[in-house]
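This is the structure I want to talk about, given as structure tokens.
Each chain carries a letter (A, B, C and D) given by its place in the written order, and its residues are counted from 1.
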Amino acid sequence: MKVGVVGASGYTGELLVQLLIRHPAVELAVVTSRAHAGKPLSAVIPMLRGADRGLVFVDSDPAALAASDCALFFLALPHGAAATYARALVAAGKRVIDLSADFRIADLETYTRYYGEHQAPELLPHARYVLPEITAPSWRAQAKLVAAPGCYPTSILVPLVPLLRAGLVSREHIVANSFSGVSGAGKKAEEAYLYVERAESAKAYGLTSHRHLAEIEEQLSLAVSEWEAALASRAADARPAQAHKTGQPLAIQFNPHLAPMRRGIATTITVPAAPGASLDALRAVWAAAYAEAPFVQLLAEGQTPDTAHVVGTNRIDIAAAYDPRTRNFVLTSAEDNLLKGAGGQAVQIMNLWCGFAETAGLA
Amino acid sequence: MKVGVVGASGYTGELLVQLLIRHPAVELAVVTSRAHAGKPLSAVIPMLRGADRGLVFVDSDPAALAASDCALFFLALPHGAAATYARALVAAGKRVIDLSADFRIADLETYTRYYGEHQAPELLPHARYVLPEITAPSWRAQAKLVAAPGCYPTSILVPLVPLLRAGLVSREHIVANSFSGVSGAGKKAEEAYLYVERAESAKAYGLTSHRHLAEIEEQLSLAVSEWEAALASRAADARPAQAHKTGQPLAIQFNPHLAPMRRGIATTITVPAAPGASLDALRAVWAAAYAEAPFVQLLAEGQTPDTAHVVGTNRIDIAAAYDPRTRNFVLTSAEDNLLKGAGGQAVQIMNLWCGFAETAGLA
Amino acid sequence: MKVGVVGASGYTGELLVQLLIRHPAVELAVVTSRAHAGKPLSAVIPMLRGADRGLVFVDSDPAALAASDCALFFLALPHGAAATYARALVAAGKRVIDLSADFRIADLETYTRYYGEHQAPELLPHARYVLPEITAPSWRAQAKLVAAPGCYPTSILVPLVPLLRAGLVSREHIVANSFSGVSGAGKKAEEAYLYVERAESAKAYGLTSHRHLAEIEEQLSLAVSEWEAALASRAADARPAQAHKTGQPLAIQFNPHLAPMRRGIATTITVPAAPGASLDALRAVWAAAYAEAPFVQLLAEGQTPDTAHVVGTNRIDIAAAYDPRTRNFVLTSAEDNLLKGAGGQAVQIMNLWCGFAETAGLA
Amino acid sequence: MKVGVVGASGYTGELLVQLLIRHPAVELAVVTSRAHAGKPLSAVIPMLRGADRGLVFVDSDPAALAASDCALFFLALPHGAAATYARALVAAGKRVIDLSADFRIADLETYTRYYGEHQAPELLPHARYVLPEITAPSWRAQAKLVAAPGCYPTSILVPLVPLLRAGLVSREHIVANSFSGVSGAGKKAEEAYLYVERAESAKAYGLTSHRHLAEIEEQLSLAVSEWEAALASRAADARPAQAHKTGQPLAIQFNPHLAPMRRGIATTITVPAAPGASLDALRAVWAAAYAEAPFVQLLAEGQTPDTAHVVGTNRIDIAAAYDPRTRNFVLTSAEDNLLKGAGGQAVQIMNLWCGFAETAGLA
């Protein structure tokens, strides 16, 4: 199966290209980049010296890509830029996996509030937000366009969603602190991202209003709704007249930080335990939710995830602790922001969508 | 004035020695270290080559130190080891500043629960926990022994205490996440602290039970008590029969993390705002509390502290944001764990105790 | 084909295990480690969580390994420890690839001078030092035991050997400066290798007497001998009575340094050009020598290798410059000390020895 | 004494400003920066929060500075930009210390070859290149303008010059390899200097043609000339008719590298020993040359300098080894590129020029 990558410069795009070149079931046939059109891949991605299959960046327009014989395209463009490509490719029946935020939010008003005017709202009904371990598998049949989740959201949703669905944690007073390597900021030649500025430096940023809140809260709200629906159906058996509590919008405190490392996200979520919830129950819910998930590792009690153990893999490690003094659960996760947080997850989505082994090309 | 440092090897002790050697108002006369007795300072602290004033480590016993002509001693020994020295020195009328946790906790039962049996409980009435910007100045007259606060606690108490005293924040659902440079773990030749293990690595540790909780919660509880007393006195005017609410023990979620850097602590505290509390009110409380504090810098709105801007100084930068969606305040701070978090604060304490300029030797 | 790794703890061994687990043509059947016997691989190598094929470290003795059905063994033991294993395995007809220095030096007196008494000198005639791009292919038929080269030597020999063989550079006044990531020192819990000691630190070490000089100079002398033999045969045609100059022992200045990074070696070699040698001639020699070498990349003029571009790959990038003022060539190389400098090269050797594609498992 | 800094943004200028603010004998009265005119120092240099003496950047023209009551100015402008300021200030009788390369080279043709057309050649006779430990003290009376040496040159000249003056080392086959922290490249928002590009990265650059060769070779040639003059005067006694060998231009191999650290330069120089020269003789020459040099530390045999031990100080540590196999000396040095390599040395020059203690403000 031939695939293409649109907008392949930048840290995410470059790593995605490297994954696809080595993927046993696909042939990377097209790689586009306006800035580097005409250059060999290895001239721009030194990691690929001697291993770029002779591929050259092209400057391609949507129509040409739609007419090509690639069956699936990855869009690795900046937010707002995917629309024209998405439109043409979906219309031509190509499968599209978008790494930007453009199709992650189902609610148009929320999207507009965080990202501005949506460039292709007519595609939203055909789009699905897919975090493979979380999203019900019906997406594989329904989606024409898949939105790969953001890096921070992945690190928060994987630990938290099963627990909200099971009613094990409160929906209030959720605090998620994340600590990211600098590659998360992209390959921008700005003073703030210079080596001398970022080495030996840790600082919070984007407090209270980071764009990732849009998809984090939408997904967490869905999980709460599932719990409430389950409650309601149980309640219905016993008390048929009782209406279930409708899903209320959920608001969390999300505190991102820049860390003096290149890759990796370490996330620590503090959330009050639901009455009667125990650490054993939590671990059982995780075990059940992720029994078949090759890329989620549940650590033993007492262990905590370490970004150094996951960077370079498509894995997310998770752990939980319970504090009887505060009655909070403290959930921790670690992932590679460029792999499980971006390109690796996109390839995992392709594998599931196209019927390959879920781990193909991601060992 | 002659001073001495007991137990001067290790990152904290070595930096304290460097500060004292350069201090304009004191003469560092004695530096003890069992492991390095007999060696010149510069042989163990390469930063001091050519600048160690010819000082040599000695292996000194408490009696000898008590009989010396040093007026003040810093104890930089591991927890539990200070007792014998503290006893002898206090008895001899020497001023003692202890950098360990041994005299930080007023409540003996709390100390025992976190640290084990106290080795010199009879000294506790003469000891004072002194975070200069927080602690009422009466300590200067009352203390015979001063306990310098821990690194993480400093980064949490400076932002939070004035707000609890002013009743601007809730006492519940407080979550403090801290990221620390590896020097905070000490100079231990253990695999976990090897360069290859810690570079490009971020991970949580010590969740729910870090020893620093003892002093953090004791100090925060004191702040809450002050607020409640203030409330009660106001209430008494209006409703004389109403008893004020007694201070309840406070429990916070404290989540420490190791960061891939040598020095620095970045702390982010999420805490619900009290009803009616505004960001302007918070900033006004900080401005009033720290107007005369040369080492506390209140950043402008929109800014966040960066460890790279404070490491090498005795400064702690603080900032605040308010999230109307969650009604939380998000407080951030950054300090150098070895300076404001340890040796620098100890020198600041000495300056205040002995009548020097507060900033002497700490520019 | 089943393979085993003896002594698989430590940075080199752990990475070798990861390569073999993913190798398409072999099955890693045995992994030994005295310290970790009984533990699953993933318990010791966190990178392998969920991907360790259920393998468990065993504490195995040479006889048991020799009796197993593994066809080839990698020895990743400390210097001097390989002897017993090598003896038993070679006697049993197993192929052995040794990552220590024990069989790298042909001259026993040289080995003894640098490493001490040799533990299995009777095996030396059956051993071959194999740097695949340099060593004549006859080793594949002749060797019973292959010594994989050291990390620094690889970075020096790859650029230099073809040039000495072609008589393009002087054999005198060779200066090789190398800059290595800290993993090259091994996983030793020693103060010198702590994060706080090595971060932001660059320093020379092992000057004038680093053990790697033994194999570097032996291999460079062989290259010089080949050149001299070629000269002699040409001379014989013209002047039959002229004896060729016998190979003299070659001595280079090798200056290793520790760099504040985890992996990678950057080497810069300064060597006088032979009379009449030009940069074009040098590049032509390299191009011819490495035309079929998938892991050697010759950079364009003006480019210099960067460890960040090779770490994680089995590649060594090389470049050359000429300085007409000094008439020196300046040769630069970059490799991953744990891959091309150790485990990756060992797998490459296995591939060639066993008839697999040279790049198998090393993409 | 009032002083000013012209062009105070950038890593060098910012650190120089911090040194002068704390200097006990001068008052920093003027700080200019076109880009930041009007901003408080602490707004641009966060390290100076709460400690910037209320100073504000000004956009000042040479005439205004010349008319001010500052007695001495530091020029921290890019190469080629100092001319107008130097001219006006020298004409007004101000002392000028220039941190650029503009007045470092005595030979105009050499300067032009490396830097382009000189903007103020008429000032050259009044300028002196001053490396305090190396340059004869007559500069203090003669200079109207002092050129502070470059960072790499300092690290090479301090070890090498006394040895050339004493005839202990060859003038040929000198190879100097240097590893520098990224701050040496300046605060330029270019992709090459981004954190993600430079972390875990070591690479050579500027091979064979780095601009610093101009001053390095000029200074080394001067040292050789002094040796030859000494030889000649001795020879004259014996053979009065023999002309001494005239100083030939000296060419060295200088190989700079970027290292994954913020600050520091580690330099390793390989140079053949002169016939009969011994390591003891070398150490004696160093001891004599630097007996009164507070900022040069000669390490014990077997030790090598470490940038982590000098960064933050104005010190340069040096060490030497001798290799009897190659008959080379290997000289090593470590300094802070922003202190002894730039701003610290400039302050040291001011101290000597103005009669302050040499170490004033540089403890």
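Here, a contact is a pair of C-beta atoms (placed from the backbone, for glycine too) under 8 Å apart; a residue touches a chain by one contact, two chains touch by 3 or more.
The UniProt protein names, listed by chain, are A, B, C, D = N-acetyl-gamma-glutamyl-phosphate reductase.
Just so it is clear, the structure is predicted and the values come from calculations on it, not from any experiment.
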Would you kindly count the fewest steps from chain B to chain D, each step being a jump to a chain that touches the current one?
1
Find the chain most remote from chain C, comparing centres computed as mean CA coordinates.
B
How far is the middle of chain B from the middle of chain C, if each middle is the mean of its Cα atoms, in Å?
50
Averaged-CA centre spacing for the pair chain C and chain A, given as whole angstrom
40
What positions in chain B touch 2 or more of the other chains?
181, 197-200, 260-262, 306
Spell out the part of chain B that touches chain C in their complex, as residue ranges.
11, 181-183, 187-191, 193-200, 260-262
Name, in rising order, each residue of chain D that touches chain C in their complex.
173, 175, 177, 179, 181, 197-205, 207-208, 251-253, 255, 257, 259-264, 266, 268, 270, 272, 304-308, 311, 321-323, 325-326, 328, 330, 332, 334
So in the complex, the part of chain A that touches chain C is made up of which residues?
22, 46-47, 49-51, 199-200, 294-295, 297, 306, 309, 312-313, 315, 317, 363
